[in-house]
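Order of writing sets the labels: A, B, C and D. Residues in every chain begin at 1.
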Amino acid sequence: MATAIAEPTGRAVIEEAHPQSFLRKYLFSTDHKVIAAQFLFYTLFFLMIGGLLAVLMRQQIAWPTEPLTLGGILPETMVAKATDGAYMLPEFYNALVTMHGSVMVFLAIMPMLVGVWANFLIPLQLGAHDMAFPRLNMLSFWTMVPAGILTLASFFVVGGAAGAGWTLYAPLSARPDLTGVEMGQILWLIALVFVGLSSILGSVNYITTVINMRAPGMTWFRMPLTVWALFITAILGLLAMPVLSAAGIMLIFDQTIGTSFFIPSNAAGDALSGQPLLWQHLFWFFGHPEVYILILPAMGFTSEILAVGSRKPVFGYKAMVWALISIAFLGFIVWGHHMFQSGMNPALGLAFTVSTLFIAVPSAIKTFNWMGTMWRGNLQLHSAMLFAVGFVAMFAIGGLSGVFMASTPVDIYIHDTYFIVAHIHYVLFGGSLFALFGAIYFWFPKMFGRMMNETLGKIHFWLTLVLFNVVFFPMHGVGMAGMMRRIYDWTGYQHLEGIGATNQIITIAAVGLFASGFLFAFNFFWSIWKGEKAPDNPWGASTLEWSVPSPPKHGNWSEIPVVYHGPHEYSHPDVTDKDWLGQNERPDVVTPAAGSH
Amino acid sequence: MDWSLPPNFSTHGDVIDQLFWIILGLTGLAFVLVEGGIIWFLVRYRGTPSRRAHYTHGSNRLEVVWTVIPAVIIVVLGGYSAMVWDDIKNENKFPEDALEFTVIGKQFEWNVVYPGVDEVLGTSDDFEVRNQFHFPAGENVIVNLRSEDVIHSFFIPELRVKQDAVPGMDNIRIWFDSREPGQFEIACAELCGLGHYRMEASVTAHARADFDAWQASQVAENGGE
Amino acid sequence: MAHAAAVNRPPERGLDVYTQKVGMWVFLCSEVMFFAGLIGSYIVLRFGALENTWPEPAEVLAVNITAFNTFLLICSSVTMVKAFAAAQAHDDQGIKKWLLATTLIGAGFLGVQVYEYNELINHHFTPSNCVVVRNGVEETCSILYGSTFYTMTGFHGFHVLLGVICLGWATIRAYRGHWSGGNSRGIEILGLYWHFVDLVWIILFTIVYLI
Amino acid sequence: MRFDYRSRVAAALLTGVLYAACGGSDGGDADAGNGESGGEAAAEVAAIDPSTVGTISGTINFSGDAPAMEAIDMSAEPDCAAGFGDEGPMMQSVVVNGGGLANVFVYLSAGVMDAPAPYGAATLDQTNCRYAPHVMGVQAGQTIEITNSDNLLHNINATPTENRGFNISQPRAGITSRQSFAVAEVMVPLRCDVHGWMEAFVGVVDHPYFGVSGDGGMFTISNVPAGTYTMTAWHEQYGTMGMEVTVTAGETTMADFDHTGLQMAGHLVGEPLVIHHGSDEVVFNRAQQ
């Protein structure tokens, strides 16, 4: 059997035999597990940066007319120093708004979902020695590095960091004189092109690996839902990111070499006019699939962890797969729902309403199936499971609040208000980030060979759950009151008179939420060195990665496993010595073919 | 704490608010079902070493049920939304007796071009006022939105109206009314630069006689050009 | 694997296509979307332009030269196919000859494109400027024409450049005997890329120069 | 009337001449001193031998009918409007008082051999939603301290053609920002986008030999090394005028400019204001770049 291994894997085994220098092993490694760890450290760092930006921003929103605490340590491009303290400048506030969104989406959540976990899990869960293209994989990480450096640098150039919102709406983003931001905007756009390149290289790798490197017996419908979700996500990234790259490059040209793709001329009827709405169409053609890039892997992790934690097979495995596929497909035809009030032809709004509302159907299917997985289970409420359940609970709120925007007439009122801010955070934080925390607690033992502290993990979960809701639930109310997004000071508006106390509560909780992140960070780093040694399969899980040592050695398998069962076989009545059945063990036990019902 | 929609003054605002509360009711029900179910499962099926979980891979019948029920609700909701949307935004359905204004957004001002006493835009008695929008209450109003520099969004919360003004796109038209006199504000709802937060203009819905008087005073002030 | 016989379905290990080739196909999907973004923008901007501001291609561009260039690129696709055939047929001399020919023709295409750019810029047709002569009078035209023209053909040219570099490297390897003995995979993958670049050019030539 | 809003700046600059009212009453309040600060500052830093320098002094005479200024509608900013008398705030583009034209930037445009390094900072204040001064001069590289005296948001959007522009904001009173322009450019327009009427002009030159006419049209350029120069006067409405001046050490050269107000012919509403100085041509409109 070992001789039948295909050739890319052979090299991995050979490499393992040679001692590697520090550089080759940790810095320029081609081992997917090391690259995943690199991505993890990178994205946790940017998660902290993004959180810091959010806390700064929240302080300004809660006390818009007061000087900034510790504002004196910031440079004069960010704050104005008056006699009674340092006040945040509106341009810095715009930079915070822009860069909080951009950093979180492009440098924290997306690479954490895909860069970390697609890298780590796809070969391990499919039974491959490594990725299809290990060197391309390394390149995919190292193209993210300049993106991060450029982003950080952009805060300190003249004019400050980009300030046209993470959606970069032209012409605000295309003309320096309109924002006062010059280099910052260009640096961020270049960073975006790097992110796109990294993402495309990664996607090529993940898709090829899933198509061609599955272990014998690992049929499409025996793949763990995590791999399914990451595979669909990679397809979305592959097809959506290049559109953003093309649009971003055009925007860079508008900024630098005098083209006018997105810049209309001032005078009416001028022949030179570019089209601001073209930017929005291109951006959201990318942007809506991006939303699913940010949630589908989280759905995969949740399905997996819920099954393990409930000691039950995933309820409706095939329905889950088809729901993933239909969400991805619909994701490409709904971009216009971000543009209902944009001046786009209202008749188009009708079509986009229908397609958008239909996304609620597969989302509902998934939610009910998760509940079905928990139903009559034997729930093991460890930290990872808590976060997975938290994901379902929070994602449900985020999904339901999305129905408001999909209904175009209601969207007239709530578009660009804090209602939207609440919605995206319930999906991105309550959804993606909860699932990511769950994934880290769950796979940490496999990645680093040690367990994370459960007590700290549970405290972290409850703090996060409570504070998260105190931060973001009231935003629905603030949005209903009509508070616009991205405003530096709301005190001048008569319809916003009653929201001061709410905003202050939100900010105080946000600081707590940020601080609770450090509890997690402490647990994370402490456990890397001091955590309890992890057994091979601490959770009693059935997928392939748990059949190898923690952490797996370079090359993962000395012998490629053979797969006999679906991915989530728990509490099978014929298996009596334990309540799980590994995908690669006991061919004598009959399990439902390809996860059918 | 003010967590509610601001008072509504406009006709189509009633339908928007009604839809909002309908959706809140529906999603609220789903919210209670899902969150209640999760909590119940957490308590009911909390793990014990003595019990084994029920072995099942799902139920096709249930899958169909929870696919069809949301789909039906969605279709109904979508159809109703589409009708309301069409009534509000379809230019062919705009009232013909409406008084037309032009509103020009620029960093960071709203400039309103008034049709003057002849109530027709583009004639010599038009006049322009910065950051003040006056119109007669109880009458239909059409605003031709323009922008000089970047994308702005024309937002009057109490009238449930919001529409982006896009540079290079002349005359994005919106229709609304205020059934009663009132004092509101135009806020900019789309990030438009460093003065975005201060791009506000006062909106006054007058009784017709008051509007005529205000207009007369403006014409007099501008020296009858 | 003693109990392999007990598996009730045959082992599945993916497609019958080697991994590098799958990877290239996947990558080309991404490239399609990149050019779709650029070409889509071009179409939207062109049809959104006011009447008479978008010049006829022949008013600005030298279509004949580019038609010749298109012919060159199509020829290079043919020579690429020949190189792959030679590699499959263990024809070492053929590999060298056809790879070299493909490289040179690709470089020739780039040379003509650089010449064309130079001429156009000398005639004040740049990404931010557009001038047409109508009835002996210079008129300005939509600068978006130049913006889109240079962006699309420029990125295509960049892809050709990458292809030529890879081809050059493959040619050097051919002279070192790397592709002998039926080792044709690298050439096949490079060929896929090269044909894709060729195909994109035919689309670009049609919509930018002809229509 | 109906504006062509696409060229509002040019319109705002020029509409002043279309109306008749009393001009200049509130015009040159803070202007006179500031424009010369560059010159005075330079005098402080290098001990100047009084036997080598002279002074140019003169008046910008304005003959003909002084166009009345348009009233500014500050009703949306009551705090600012309260700073003005019954007449309310007026535009400042043409301010004539006692036959003299204020806010004219006068500088030596040719003949200056070398110049002392810039010293000290020029100041620009924003008070009652107007710039004070309305026209000022600085030496290239000299610091400009821009202060907000109003307790509300102003932004300062500088759109030079030769220099690097900036667009910064000052959200409340008591904030000072420091900026400078690296190379000579006459003139750099500054505007506040929150208050469309707020506009100021900064003349950037390579040397400290410039001045701005104050209320009554008087200007003074001191400590000019003896020699023959071309002196140019710039006004936002009337364009530029040049003349030869010879400065004799220890003496004051009197040099007047006469504006008839006719030079504005050709500047129609909606057209950019084109200003010639030397062989250069500066176009003031809202160009995109």
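List of remarks:
Operating definition for what follows: contacts are C-beta pairs under 8 Å (C-beta built on N, C-alpha and C of every residue); 3 or more make two chains touch, one makes a residue touch a chain.
Keep in mind it's a predicted model, so treat the numbers as computed, not measured.
When chain centres are defined as mean Cα coordinates, C lies farthest from subunit B. Centre-to-centre spacing of subunit C and subunit D amounts to 56 Å, using the average Cα coordinate of each chain.
Subunit A and subunit D have Cα centroids separated by 53 Å.
The distance from the centre of subunit B to the centre of subunit D, with each centre set as the mean of the Cα atoms, comes to 45 Å.
Here the spacing of subunit A and subunit C, counted between their Cα centres, is 34 Å.
Within subunit B, contacts with two or more other chains are made by residues 107, 148, 193-195, 197-198. None of the residues of subunit C touches two or more other chains.
Touching of two or more other chains is recorded for residues 6, 153, 155, 167-169 of subunit D.
Of all possible chain pairs, those that touch are A-B, A-C, A-D, B-D.
Listing the residues of subunit B that touch subunit A in their complex gives 1-6, 12, 15-16, 19-20, 23-24, 26-27, 30-31, 34-35, 37-38, 41-42, 45-48, 51-60, 62-63, 66-67, 70-71, 74-75, 77-78, 81-82, 84-86, 88-91, 107, 148-151, 153, 155, 157-158, 160-170, 172, 183-185, 187-198, 200.
Here subunit D touches subunit A in the complex through residues 6-7, 153, 155, 157, 159, 165-175, 177, 286, 288-289, going by the rule given at the top. Per the touch definition, subunit A reaches subunit B in the complex via residues 89-91, 94, 97, 163-165, 169, 171-172, 175, 178-180, 264-266, 268, 273-277, 310-319, 341-343, 346-347, 349-350, 353-354, 357-358, 360-361, 364-365, 367-369, 371-372, 374-381, 389, 392-393, 396-397, 400-401, 403-404, 406-410, 412-413, 415-417, 474, 476-478, 480-482, 484-490, 492-495, 497-499, 501-502, 570-573, 579, 592, 595-597. Of all residues in subunit A, those touching subunit D in their complex are 65, 76, 80-84, 87, 89-91, 159, 175-180, 258, 260, 263, 265-268, 488-489. Those residues of subunit B lying in contact with subunit D across their complex are 104, 106-109, 111, 113, 122-124, 126-132, 146, 148, 193-195, 197-198, 201-202, 222-223, 225.
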